[in-house]
Amino acid sequence: MAATKLTRSQQIQQTILYPIDWLEERSGIVGGIKYFLFRKVPGDTNWFQTLGAATLTAFIVQALTGTILAMYYKPDPNGAYSSIQHITNDLFAGWLVRGMHRWGASVFIILMFMHMGRVFLFGAYKYPRELNWIIGVLLLTMGLGEGFTGYLLPWDQTSYWATVVGININGTAPFLGPFLAQFLQGGTYINADTLSRFYAIHMLLIPGAIFALIGLHLYLVVRLGVTSPPWSKEAAGKGPITNGKVTTGRRGLSRFGTRGRR
Amino acid sequence: MQPHDQHPHVPGPSLWPVGFAVGVVVLLIGLIVSWYVAGLGAVIALAFAFLWVRDLTTGTALVDAPDVEAEHAAAAASLLPADGGEPATPPAERYPRSKFLEASTLGLGAVIGGLVTVPALGFMVAPAFLKQGQKDHDIGPLTDYPEGTFVIATWMSDKSQGEVSRRTAFVRYNGLLGSQPSYTIISNHCAHLGCPVQPNGPLDDKNTKQLADVTLIPTVSIAGFGCPCHGGQYDTEGNRTAGPPVRALDRYSFSIRNGRLFIGKPFSVSHVEGTGSAAKIHKWTLAFPGEHVNGLESWLYPIQPPH
Amino acid sequence: MASDRIVERRRVFQQYKADVKERGKPFYPYAMFHDTIMSLVVVAVIIGLAIVWKYSTPGSHTGTEAGWLGKLLDAPADPGTINFVPRPDWYFYFLFYLLRIFKWPETVILGTIGIPTICLVLLLAIPFIDLRAERRLSRRPVAIIASILVVLSMGVLTYKGATAKEALGSELVAKIPSWAASEGFTGNQKAIAGAKLFAVSGCLNCHTYNGVGGAFPGAPNLTAEGAKNKGIAFQIDHLKCPACKTPGSPMPSFQGLGQQNLTALANFLEASKGSKK
């Protein structure tokens, strides 16, 4: 290879590509990313279909700002409130990071609901995407769980009493409710352990599960593909276009021939 | 390896570098500890360095028998029909399914999982259920509790935990019942979902008393208690009068020592008949808010965790 | 029958794969461009909310007063409080208000566990209930009706939860002069004494007065209670035993306040002829 004479730009190109080739040869990851990026999606996708990516962005904002907040926050009933005051009032841009985390949570939850509404209205949960709908619902409950556990952390009146009510709502579940409530509180009443418990759930347990579920969610999106908007005249799944019209591919199944042909 | 290697100049295998390394380590330790040790290290290092160099120059000292070919030969032989006429086992079945290996791999994995998760899960769950309960707490001299009106007592039930253990109760002295003093001590946790109930009536907060960690706020006259969350209403005995609460307000037991009132363990109350010292309290073990303690729906909560 | 459907939907999916392969666009950059724009909007909105949150807070933007988006931080948690009105975050307002609607002890479990569980199970079951391949909304009347109902009910519950404005007793006492001014009982000392009682006796945990209060279902707005001219005697009797005067009223008796206080309260109620603002 090196025997042939290379122009300067070719040499530069090769130098740049070398680490990428190195990585690809050893992991195949470049090919994977290329497959992800250059995979085909229907040509008629719609702005509503960006809500999933928007939700992911909101979650990434939450993960980043949350990690930074964790560097200054103290999950201890005697220190939590003052550490939040410190973050909000003293630290450089602390108010911004905290504000982004606090309002990012609301945006994340709104976007999850909107994304779910989009999937519902597009009928995108139907065969073969049922499993992805279920994963999405699990992600929604996890997101609400993040909202519930995170709400306690500022340790102010609002957060304390909202958590009391939330725990007692869990406590009214039949049979296991009282045990669930006591487990969440780490005792009969909210005590010093409750805050660190909620912190661990909020920081590690649920985010870990959300990351894993988002991975599965995206894997299934890539594997099963993106749906066309249901009203689209050239929706994928209706057959090839000839002379600018969709010719339906429903051959041999005359029972279904009356539907979907236009 | 050597004879067939592509690179003929590869040095022969030698174990002497190990001794050389030991010598260098002893030398370095000696630099800190003592010159004698350093000298010893230097001697060891030099001796092994000499042996190592000799190996490098003279060739092999530790030649492994090239068993690769033998293995090939064996494999080739097994492919041929054996003398007894048994059909040869094809290479695909060189590793037949081994039930034993599968079972033991999964089993050992389960053992590892159990060893790690059972104590961890126990640690996560058990402390919430063990060593629960409240110690009796001094909430001030009996003289601070006038007969017939409520005093709002706030105290810290566990000083080591700080403000998080603060509790509030509405305490009313009912006069003597026979020769024993009678107190009504009602918790401020709504029996619906645990919100803080408020007294329905004016407080006498100018006469608030502060004793150590206890705050006592007298009241003027109270018509009952109300919850600001979901509208639960209670009368002065803690009976539900309106709204969603599933039972009466919880109460605390009490004791009197040296002329001071001590607050005891909380308990749940389904309802109270009568008022004041003549009240008949239908008492149950402490339940979480929102849980029926009697009637049909109490069957939904058959076992209470240890409180 | 069912197997026909399975064969058909498999065929349609294969067709979909073929169509996308034939005339689809690459995800990058065509679809991803839109995703990126949307993500930019999301991040901008989040940062914008954070900025508004801080800089609409009155004073030095550090206090516990509420700005346009609420308080930066409330007072420290006090498990022993007797005058705090808890609220959840806005996305639980629907549940918050649902719990007020289920105001009978026997139905508590419906509001706490029953309805949320049913909703969750229904959500999980949607792909198994709706097995038809039809995706166009015009041919999915049940889906349209269901989604409109869900959005409406969630919207109404969230709105009701958001607009129930309780205030703390101490804050209410500070409002009395403005009440007196707008209702026109500034000189009426009896009514002002009654207003103080009204503020501290938990009345506004359920009722609404001059724009503050719990706005509970079933608890009337008392802003113009005096305009009904029921008379002071009626008001006193009603406070002593609401259900005797208004059969079926869930309001508890306020007899425990004492005759003098009840008279003051009744004076205040009769003087409340409605806000003149």
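We call the chains A, B and C, going by the order they appear; numbering starts again at 1 in every chain.
Note that in this section a contact is a pair of C-beta atoms (placed from the backbone, for glycine too) under 8 Å apart; a residue touches a chain by one contact, two chains touch by 3 or more.
Worth saying up front: this structure is predicted, and the values here are computed from it rather than measured.
Interchain contacts join each chain to each other chain, per the touch definition above. Seen from the Cα centre of chain C, the chain whose own Cα centre is farthest off is B. By number of C-beta pairs in contact, chains A-C lead all other pairings.
Distance from the chain A centre to the chain C centre is 28 Å, each centre being the mean of its Cα atoms. Rounded to a whole number, the gap between the C-alpha centres of chain B and chain C is 36 angstrom.
Within chain B, contacts with two or more other chains are made by residues 163-165, 167, 193, 195-196, 229, 290, 300.
The residues of chain A that reach two or more other chains are 77, 161, 164-165, 169, 172, 174, 177, 189-190, listed in rising order.
Shared interface positions of chain C, i.e. residues touching 2 or more other chains, are given as 76-79, 81, 84, 86, 108-109, 112.
For chain A in complex with chain C, the touching residues are 36-43, 45, 47, 49-51, 53-54, 56-58, 61, 77, 81, 84-85, 88-89, 95-96, 98-100, 102-107, 109-111, 117, 120-130, 133-134, 137, 140-141, 144, 147-148, 151, 154-162, 164-166, 169, 172-174, 177, 189-190, 225-227, 230-231, 234, 236-241, 249, 253, 255-256.
Against chain A, in their complex, chain B makes its touches with residues 125, 127-129, 132-133, 158, 161-165, 167, 193-196, 229, 286-291, 300-305, 307.
Residues 77-78, 161, 164-165, 167-169, 171-172, 174-175, 177-179, 181-183, 185-195 of chain A touch chain B in their complex.
Those residues of chain C lying in contact with chain B across their complex are 76-86, 96, 99-100, 102-109, 111-112, 166, 169, 196-197, 200-203, 205-206, 214, 216, 219, 250-258, 261. Taken in their complex, chain B has these residues touching chain C: 152, 154-155, 163-168, 188, 192-193, 195-203, 215, 217, 221-231, 233-236, 240-247, 290, 292, 297, 300.
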